[in-house]
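Per-chain residue numbering starts at 1, and chain names A, B, C and D are given in the order in which the chains are listed.
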């Protein structure tokens, strides 16, 4: 029942990636979690978005065991599961290979906070996770990928920085819901694109003043938010 | 009555930003002013364009007090109000985070006039406003943003340079009407994009000859304009 | 009668610029000539493409006197007229401010022939015309613009190089017909874009071997053409 | 009969290039081979995609003699034929002038494997073929083009590297079918674009660790593939 609503949300959050041009063919995936039930709903592996129906989504427990669905879950599921375990406050995770965010990830460069669009969503530079060792790559690779992200966020509030760039790979984003995670994926790509152009115009660009970063982030997040129509922390 | 026509115009001017790909989700805003009544019509804060109806637009006075409408006005309203007070001849203001104009703003670089497309609309380099002090950022931030633009234009005719880049933020544009302000926002993005490519091809590019700048600007503006079908100063 | 067919062709050639994303609002214009009658059909000045009907097109003689139509012709008409007089073999002219071709023009750089896509249409580097003097700019500016192009092509076959970049301005293209001129405008933008990326990847890139340039150009043009279905010189 | 199914597949594989924005006007071509019959189906030369019908496709033998169809085959047919003879395991070939892949080809640079998107499809850097001699260019040029690709792949499994960049020209891709060849053409353009941005952000970027390359390539190809729904080696 509640799972049906979640399944519907995950379906639409996945399609949002298509609508915004973030994914090609079967690239990318979004998942959401029902915390009370300990269940995760995720896109099936290698299914084209055009053919996907809500009933194709896969439900697993937090150990990745399939509970509902006849298809295999996205091969990135173990990465999602690590994030759900590490970040208690999140309700959804999105992964894409969107162009500009992926270019920053491939270049191994954090995306510096170069403007207020960035500051509206991300409290500081979007960080790149550390490279995996060869044995991590050859072992439980997707779990190790999640662990590298989680290590990068030790001591940080993941809702103040709802994105990471996996080095040589691409972005993962998250939020209080799958809808928010997909929304952040779209924003991240936009921010990455404008940052790309900015550093081309000024290679030494490094970041906006702290006061401006705080002002914009707090305009949209937390108790003093005044952007929007009163819903706290609307993304 | 006259306000109804203005409301309709502001509605369409906001949607023009969507149609031309300048805004994502709830980004951006356009306003217009009824000078005789001293009333401003502006997009509500944080409302997605797809859901917005003309009746969602907010009417305020020049001090920002809501006169009509049940939603909060755009959080950038105070910036618009400063511009209406400082620039007596303008009837509309538009604000976007469009990609290339924002990249120039984030890089803190004026957009030099590198060609006739630019000269057709802007009489010289599009200027970046000065950074705000930390106390301005922490205080009445949106008003200070408008004041920084107004200071940058002291002694200039704002209709000869209908745009400014707010440093670390993005462009504001204006015109004799909201329709014109939105139109200029679209042109500015195009000009910023071509300028980006131009300086990549020739980093030392600095500006076209004054005679060419004047010729093109005057072809479209002022008493000797001969572009178009006779409407003076059509943008 | 024959003029009606030409008018119809010019109408569609203008809309091709819109369909391919080469023009914004009222930017750009295409014309065609009826050589026997000495009449030119061209887009009216400052009319948005969405509103333009075939009857809005303007017919002039080779001195620019309006023969048919109630609107003013494109302000670039004098440039077109110079090209028709200088290049006896052409039947159409197109002018755009398309992004990448304009960037090369603004940078004052010829587009070198960096690949076979270029060589299929242009026999060598696409040249930039010389800057105008201030008195040319202040005088009969649009005619001087055409003259600068014509001077750049002295001793060359304009059908082997159906394009020029007007410095600080943008591209003009031409062909045996207006349809071909618009087609070349689209190809030129594509070639300019790929060349932009190529020189970013290899700044020293200068041009393909002469044998390859000739092979590709002759594959599509002249008596030995073997591309397409037998129509000689199809673009 | 079996040929009819192939003809239908080739028709749709050609249109996939249009749908994904890889081709302009008559650019590009896809072919497929019926190995048992020794017959190749290919796009006709110089026919716009919008007008092409399945019956316009041309059927030839492996020497390029037309067996079915009233139109001339694509002028690139001899290149396709060399690839079918050299690479026994392939069933389809695609050729485009897609923007970013062509820029790398024009720059004469292999596309290094800079991320997992690349590694999912290509086992290493996508190679540029050697330039042709002037006599090869003046002789049987299209055959020599294919031979240059084949020489570049001596000792390599073409299904582990289903693409080559022909220097000064553009990409050829292949796969077990024409559908797969067109699919790879789309992916190659995406990979080339992200690589372009990556080297702009980090000019020294050279390639991901071998372990990561292998992990991703084997996740999708060969006996240990675990991406997708169990179809071996789905692209």
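The working rule: contacts are C-beta pairs under 8 Å (C-beta built on N, C-alpha and C of every residue); 3 or more make two chains touch, one makes a residue touch a chain.
Everything numeric here is computed off the predicted structure, so don't read it as measured data.
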Least hop count linking subunit B to subunit C through chains in contact: 1
C-alpha-based rotation, subunit A on subunit D, 0 to 180 degrees, nearest 5: 90
Shared interface numbering between subunit D and subunit C [over half = same, under half = different]: different
Longest centre-to-centre distance from subunit C, chain (CA-based): A
Centroid spacing, where centroids are CA-atom means, of subunit A and subunit B in whole angstrom: 33
Centre-to-centre distance between subunit C and subunit A (centres being mean Cα positions), rounded to whole Å: 46
Of all residues in subunit B, the ones touching two or more other chains: 200
Graph class of chain-chain contacts, one of line, ring, star, complete, other: ring
Listing of all chain pairs that touch each other, if any do: A-B, A-D, B-C, C-D
Subunit A contact footprint on subunit B (complex, rising order): 24-27, 44-47, 71-72, 75, 97, 99-100, 102-109, 131-132, 134, 137-138, 141, 168-170, 196, 199-200
For the subunit D and subunit A complex, residues of the former touching the latter: 114-117, 183, 186-187, 190, 193-195, 197-198, 200-202, 205, 208-209, 211-212, 215, 219, 226-230, 234
